[in-house]
Amino acid sequence: MPDFSIETLGRCSIDSPLRLSVARGNAEPVFVEDDQYICYEIEAKPGPRSPVGRENLLELAGPRRHIYFSTAHVHAGIVTCGGLCPGLNDVIRSIVRSLWHLYGVRRISGIRYGYKGLIPEYGLDVVPLNPDVVDDIHKIGGTMLGTSRGGGTRTSEIVDTIEQLNLNMLFTIGGDGTQKGALAIAEEIERRGLKIAVVGIPKTIDNDIEFVEKTFGFDTAVVKASEAVAAAHMEAHSQRNGVGLVKLMGRDSGFIAVHTVLAVHEANFVLIPEVPFDLEGPGGLLELLEQRLSRRGHAVIVVAEGAGQYFFQNETTYDASGNRKLGDIGLLLKDRIEHWFQERNIEINLKYIDPSYMIRSAIAEPIDSMYCERLGNNAVHAAMAGKTKLIIGLVNNTFVHIPIRTATMGRKKVDPEGSLWRDAIEATQQPAMMVNPR
Amino acid sequence: MPDFSIETLGRCSIDSPLRLSVARGNAEPVFVEDDQYICYEIEAKPGPRSPVGRENLLELAGPRRHIYFSTAHVHAGIVTCGGLCPGLNDVIRSIVRSLWHLYGVRRISGIRYGYKGLIPEYGLDVVPLNPDVVDDIHKIGGTMLGTSRGGGTRTSEIVDTIEQLNLNMLFTIGGDGTQKGALAIAEEIERRGLKIAVVGIPKTIDNDIEFVEKTFGFDTAVVKASEAVAAAHMEAHSQRNGVGLVKLMGRDSGFIAVHTVLAVHEANFVLIPEVPFDLEGPGGLLELLEQRLSRRGHAVIVVAEGAGQYFFQNETTYDASGNRKLGDIGLLLKDRIEHWFQERNIEINLKYIDPSYMIRSAIAEPIDSMYCERLGNNAVHAAMAGKTKLIIGLVNNTFVHIPIRTATMGRKKVDPEGSLWRDAIEATQQPAMMVNPR
Amino acid sequence: MPDFSIETLGRCSIDSPLRLSVARGNAEPVFVEDDQYICYEIEAKPGPRSPVGRENLLELAGPRRHIYFSTAHVHAGIVTCGGLCPGLNDVIRSIVRSLWHLYGVRRISGIRYGYKGLIPEYGLDVVPLNPDVVDDIHKIGGTMLGTSRGGGTRTSEIVDTIEQLNLNMLFTIGGDGTQKGALAIAEEIERRGLKIAVVGIPKTIDNDIEFVEKTFGFDTAVVKASEAVAAAHMEAHSQRNGVGLVKLMGRDSGFIAVHTVLAVHEANFVLIPEVPFDLEGPGGLLELLEQRLSRRGHAVIVVAEGAGQYFFQNETTYDASGNRKLGDIGLLLKDRIEHWFQERNIEINLKYIDPSYMIRSAIAEPIDSMYCERLGNNAVHAAMAGKTKLIIGLVNNTFVHIPIRTATMGRKKVDPEGSLWRDAIEATQQPAMMVNPR
Amino acid sequence: MPDFSIETLGRCSIDSPLRLSVARGNAEPVFVEDDQYICYEIEAKPGPRSPVGRENLLELAGPRRHIYFSTAHVHAGIVTCGGLCPGLNDVIRSIVRSLWHLYGVRRISGIRYGYKGLIPEYGLDVVPLNPDVVDDIHKIGGTMLGTSRGGGTRTSEIVDTIEQLNLNMLFTIGGDGTQKGALAIAEEIERRGLKIAVVGIPKTIDNDIEFVEKTFGFDTAVVKASEAVAAAHMEAHSQRNGVGLVKLMGRDSGFIAVHTVLAVHEANFVLIPEVPFDLEGPGGLLELLEQRLSRRGHAVIVVAEGAGQYFFQNETTYDASGNRKLGDIGLLLKDRIEHWFQERNIEINLKYIDPSYMIRSAIAEPIDSMYCERLGNNAVHAAMAGKTKLIIGLVNNTFVHIPIRTATMGRKKVDPEGSLWRDAIEATQQPAMMVNPR
C-alpha cells in the first residue's frame, strides 16, 4: 500500500507573491489548497457496495471473450468526415488491419468523401479496403478516403444506402457534427429493426470533445503550431518593435493555443475563447502590448480563432450547416494593433501567420500514430461485440466507451480557473484578466 | 450528471477468434470483461466520510497561497544527473524562470556535471543562472549544466557544500539513483536541523518511475526511436529476406519498445524485459522469424536492451555503482539469427541499428517541452511552500506530489496482461508467448 | 585525358512527340541539339595566349599568402539588412570565427538592426562579437543582430559612424539594395581617402543575384516551400474538386516556385514572373484548371508572388524605397478561380496557403549551413587581403569574387527556353504557354 | 559584357598567419594566388576554330527533336542495384512518368532485387510499372523495386533475359560496380547486334563518381549525418572530458565527412581516406585530442569509414565481389582513444555513433527530390534518342552525358590541396597534417 504523505519544512506563513485568485467562480486561476487530492487507483466496479456512483463509471474498451457478429457475415464500412486532421489514415489503417488480421473479416468498404458518399445525389462512392491497400497510407497526410462537410442530416437516405450495401458495422471518424449524425443514423437503424453497430472515433483538431482527454491529431497540431509560433518569434525578435501574431485553430476551446504557448516558451500573450479580453483602455491588450514593446522591443501574440468573437457582434452570419461563422480575429487584431501604433506614431513590424492548412494536412507524429493505432483496435473490438452508439475515448489514460449522446452534449473547454490556464499565463507572464477596471 | 451506459445490439454468443487468455496471472494478455470500469471524476478529499482511502490519494501540485520561504532569502540550486534525456534544458529553463519571474528569486545556482559538482574532490563547479542565461537553451539538446553518473552516495560531503553555498532549496533532475541520493541528502539535511527543501524532477528515458504515468523526454524518445525502426523497415523491405533489427532503450521496462512498435505500425516482433521468450525450438523467435521470412520476405524486430538477459547468465558483472551490467541482447540476437539461417543455408540480409545516443541527445519535441515547462513550474511551487523529499509526477493527467521514498520503492513495468502489451502484439501479430511448449 | 564521346544506336529519324519549340527567341523551351556542349575544366589564367577572354574570367576566392591588414589593427563590422533568410546566423558565426581563430582578430562589432544601426537618428546600436557569443546562434532562426529595411542611401552619415567606430572592414549581408548601398558606402570611403574594405555576402531568398548560381538560404526555402505544397496537395487530394493554391516568394524570378515544383512532384501548374499567362479564354489557366479537375478531381497551383503583375496595371503604387508594390497574385487567383467555378455552378474546395514568414525564419538546413560557413570564410579572406567593393559568389561550384557593381546591374531570371523551366513544365504537364491563341 | 575586375585597397605586404602550404604537391591545402580564375560562361561548340579542346567538352543532356525509338515499340526496364540511397524511388518515379507522359510509352518493367532479378537462378522477378503504381513512392524510403549486391558480372545470362523480355532500353541505377556491369551488358548487346539502349543513373552515397559533381542522395546523407554529429556534440558537451566519435560513409572519398563537418560547425577533427594521419606520437591524433580536452573539456571526431586503413594492414580480406573489406576504423579509434586515456589515468566519456543505415534509408530531402526528378527526365531523353553506354551526370550545374567507360575509370576524391578540405580544417581548427615529424 503506497504512502503518499508529503513532508514539509514547517508552517507556511508568508503570503505568496503570485497574482492568483483566492475566490472561485470569477474565471481567474486560483491557488491550490493543501487538502486537494486525486485518486491514484481508478479502476472500479459498480454494485450496491461500490463507493463510486454509477454516473462516475466508464466502461473499459477492449476485446471481449464473446462477440456479437460472426466474422464471415461482417461487412464493415468506414467513413471520414469534416476537415483534415493528422492521423486519419492511421485510424483507417488500424481499423482495416484489426478487422482483417484479428477477426478475419474480409469485406471492408471505404466510403469516399464523407457522408456524401452514402447519398445517391452526390454519387455513391465506395472502395474495397484490405491490408495491402492501406499498407503505407500512414506515411501520407490527409485521408485516403477523401472527406467532405455536411450530408450527415440526410439520415434516411444514408441508412437506405447502408442497407443496400449490407453493412453491419459503420465506423464514423469525425467531429461533433459527424457523431451527432452517426447517432441519428444509429437511431434510424434501430427504428428499422436492423442490427448494425455504429462506432465513432472522435476527430477534432480542437480537442474539444466532452469527457475525452485528448483527440487524435492534437499532439501533431501542437507540434506544427509550435513551428509557426517559433517563426513568429524569430520574425519579431529580428526587428525593432517586431510583433509576431499567430492565429491557431480553436473555435470554442483554446487547447491548441494554450498547449502551444506552453511548448514554445516564447509567446507573450495568448488569447482564447474561454477568457474575454479588452483591446482598448487601461489593462487592455493594446496598452499591455505597448508596454511590452517599450520594455523588450518585441512581442509574440497567439490567438485562437474563436477568441474575442464579441468584437464582431453586428456581423453574425451562419453557414449552410447552421454553424455561426466566426469573425476573423487574426485580421481584426492585425488591423487594430497597426492602427493603435500608427496613432501613437510608433513604428512597428507586424508579421501575421495563419498556419491552419499546413497543420491539418500534416502526417501524424509518432505519438499520434500510436494513439490512432489503439483507437482503431478498440473501435473494432467494440463493434465486433455488438456495441453501438458509442465513441472510443481516452479518459485518465484508459481507453473507454462513451455514449455518443453523452459525448456530444457539450464541449470540453479550457478551465480559466484550472492549472492548465494558470501555467499558460505564467509562461506568457500576461495578467490573468486583460480587461478594463470597472 | 453524465449517463455513461453503453447500448448493445444483443447478446454476445460467439467465441472471439482472438488468442487472448481468460485466466489471469499467467502473464498473457487477457480479454476485457463487461463489468470493468474506471472512474471519470478523480478529485477527492480525505476525511472520515470519504469513500476513498488515504493510501489512494495524491496531493495536488501547484502554487499555494501561503509559502514557506521569503523570496529575498532564497538561494536555489539545480543539478542534472545521469544520462542525457530530451528536455533537460527545458526543465532547467522553467525552474529558473518560475523562480525569477513568479517569485522574484534572484539567487539561482546551477551545479555543473551532476552531484560531482558538489563534491570538492571533483572540483566544485557552480554557475549563476538567470532568465537571460537560459533564454534559448531549450533549442539545444543535452544539458547546459553538464551531467555525470555517480557521486550521489557521498551525502555528507554534498550537504557540506550545500551548507557552504547557503542553498535553501535544491532541485534534483535525475533518475531512480539520483532521487535516492536526493532522499539521503534530505535526510542528512534534516539530521543537521537545516531548513532546505529537496524537490526532484524524475528523469528516465525508460519511463519506469513507479506511479508516474510519463517522464519527460519519453515522447521525444518514441519519435526518434520510430525513425530508427522506419529505417530498419526500409532496409528490410528493400532486400530479399531482409531483416531489420533495432535495439532500443529499456533496462527493466519495455515502454519505449512497445510505444514505438505501436507508433510505426511496421515491426513484426517486439521483445521486452517483462515477457520472456525462447530463441530456439518450436515456437521460439528464430522459428517464427523463419516462417515470417518465407511468408513475406522481410521482417523487423525491435528489442529493448533489458530483454532476454537470462541468455547471459554466466556473464553477470557489476559496474562501479553496483548496477548489474546488461548483456548486449542486440548483438546476441544478430549473431544467433545469422547463425540460424547460415545453418539452414538461407541467405538473409540483416541490418542492425542501435540509435541510443541519437535519441538521448535529441532536442525535446513540443509535447515534451510543454510537459517540462509545467514540471518546472510545479517543482518551484512545491519548494517555495517548503515541501520536501518529493518528486513532481503526472498521475491521471494531473500534476501531483509523490514522496521520493514511495516513488523509488519499485519500478513501473509493462503489464503483460494489460491493454498496452495486448495492443502491441496485435500490431506485430506475434504470439503472446514465444516459448517452447512444455 | 578523358574521352567524352557518346555512342548511339543509330540515326534518329523519328519526330519527338514532345511539344517543345525549335525556334529560339520565342520564350518557349527548346529542344537540345546534338552539338551543344559545356566545358568540363573551367580553371583558366588570363594572358595574351589565353583562349578565354578577360570578360569571362572570375577571380578565385580564398586565403592569400600576403594580406593587407595587420591583425592587431583590424576592427571589423558586420551588418545584416532586409528580410529574414535562413542562414543569416550561420554567416555571422562563420565571419566571427574566421576572423578570430584564423587571423587572430579581436575587435569585431555587430551592427544591430541593419544600416539604421549606423545612423544616429535611429540610435546607434553596436554589440561586440566573439566566438562565445556566436557559438550556438546557428541553431536559432532569424539574425542575432536584428535587421531592418532601408537606411542604405544615407551614405554620408553611415560613413561618419564607420569612421567614428574606426572600422577598417565592413561585411554587408543583404540583397540587391543592401549591396548597392554597400557600393555607395565604399565609394564615399574612397572619396574620403580611407582604407576600409567593404565585402558583401549576397542574401536573397529569391536567388536572383546576377552571376551567382545560388544564394544562401535558397535550399532551405525550397525545403520549407515543399512542405507547403505537400500540404496543399493533401488538402486538394482529400476533397472532391479540391484545389490547393500556394503563393511562394519570387518578386522578379521564379526560382523558388520552379525548384519546389520539381522537388514535390505534385503540382499541376506553376506560374512565374518570367512567363506570362492568360486567365480567361481558350488555353488560359482557368480553362485548363477546369479540364484538369474534370479529369482528375483535384489540382495544385504554385504561383510566385511576382507572377502575372500585368493583371494589376491600374493599381501600381510604390513604397518608401521606390520599389513597385506587388499586387497580391495569390488572392487575385483565389478570387478569379472561385468566381469562374461559381459561374459554371461547379462546387470546388479551394485552400490557399501563403507560407512566406515560416520560410524566411527557418533554421538553415545543413546544406545551407555548409554553404554559409564557406561564404563567411571566403569573405574574411577577401577583406583581410584588402579586396573591396565585391561580393562572394558561387559560380560553377567555385567560390569567386564578383564586383558589386557588376553583380547589381541586373537580376538573374529563369530562362523560359532553358532546361530548368523545361523540366518544370514536364513535371507539371502544363502547356509551355498558357495563352489565348492570337 | 561583364566587368569582373576586383578592386583592392593597396599592396598586400603582410604575411598571412594562416598555416597553409605555399608549395603544391605535398598534399596540404595551399594559398590561393591572385591570378587564379575560372570561366563564367562554359557553353562551347567543338570545331576547328574552337578555343576549347574536344577532350574538355561534355555533351548536353536533354530532349532531342528527332528520336531513335518509335514510342509504340518501346519496352523499358528499370533496375536498382547495391546499397540503399535516398532518392531511389524518386528516380524510378521520374523515369516512369517521363516515359509515360512525355513519350507515351506504355510498356515499362521494373526488375526486382537488382541484377539478380534478371538471372534465372535467383528467380526472374519483373513487375509492370505505370504512373499509378509509382505515384506516392517518393514519400517512402528505400526502393520499391528492391535491390541486391552482385550479379552484374553474369552478363550473358542477363542479356538472354533482356532479349526474352524484349526490352529495348534499360535504365541501371547503381554505383561504380553497377555501371561497369551495365557497360558489359551494353557491349554484349552490341556483340549480338541488338538495338538496346543502356543508360545509367549513377548512385553512390559517397559521391565519388568521377566527373560528376554530385550524385543523388548525397545532400540527404549530409542532412542525416549532421544530425548524428549534432548528437555526438551534445553528448560530448554534456560531460566532463566528453568525446563524441561518429563514423560516416566514405570508402575511398571523404565527401560526406567533409561536408558534414562544414554543415554542423561543431566537429574538432575530421579524418578522411585521402589524408593520412598518425594516432600515436607527437602531432598524432591522440596527443592533439588530449590537448583539446584539457583546453576545452570536450571534443567531437568525425571519421570516414575508409580513413586510416593502413592501421589494418595485416588483416586484409576480400569479399565475394573482390572488394577489399574495410577494417572498422570507428571501433579501432574507440579502442585506441580509450586505451590512451586509461594509460594516462584520465577519465573520459566516449560515445560512439554509427548512423549508416539510418542515413541510407532516409526519404530524399527536397533538394535531392528535385535532382532525381531531373536525372530521370534526362535519362529518358537520352534513351529515346538511342544514346547508350552513358550515365547522366551533373557537371558545372549542367546535366550532361558521360560515357560509362570514362566515368568508371577512376574515383572522385577530396583534393587535399583544394578549397573544400581547406575550409573543412579551418572549421575544425585541426592541423593540415596530423603526423609525426620525420
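Going by the order they are written in, the chains are A, B, C and D; count residues from 1 in each one.
Note that a contact is a pair of C-beta atoms (placed from the backbone, for glycine too) under 8 Å apart; a residue touches a chain by one contact, two chains touch by 3 or more.
Owing to the predicted nature of the structure, the values given are computational and were not obtained by experimental measurement.
Engineer: Of all the other chains, whose mean CA position lies farthest from chain C?
Structural biologist: Of all chains, B has its centre farthest from that of chain C.
Engineer: Would you mind telling me which chain pair, B-C or C-D, is linked by more contacting C-beta pairs?
Structural biologist: Comparing B-C with C-D, the pair joined by more C-beta contacts is C-D.
Engineer: Please state whether the interface between chain A and chain B is built from the same residues or different ones, using more than half shared residue numbers as the mark of same.
Structural biologist: Same residues, largely: of all residue numbers at this interface, over half are found in both copies.
Engineer: Take the average of all CA coordinates in chain A, do the same for chain C, and state the distance between these two points in whole angstrom.
Structural biologist: 40
Engineer: What is the distance, in whole Å, between the centres of chain B and chain C, each centre taken as the mean of its C-alpha atoms?
Structural biologist: 46
Engineer: Approximately how many whole Å separate the CA-defined centres of chain C and chain D?
Structural biologist: 27
Engineer: Give me the residues of chain C that touch two or more other chains.
Structural biologist: 140
Engineer: Can you tell me which positions in chain A touch chain C when the two form their complex?
Structural biologist: 84, 113, 116, 140-143, 146-148, 227-228, 230-232, 234-235, 237-240, 351, 353, 355, 357-358, 360-362
Engineer: Write out the stretch or stretches of chain D touching chain A in their complex.
Structural biologist: 136, 139-140
Engineer: Residues of chain C touching chain D in their complex?
Structural biologist: 1-18, 20, 22, 31-46, 51-52, 54-71, 90, 93-94, 98, 101-104, 138, 195-197, 211, 213, 219, 222-223, 226, 259-260, 262-265, 365-367, 369-370, 373-374, 377, 381, 384-390, 395-403, 405-406, 419, 422-423, 426-427, 429
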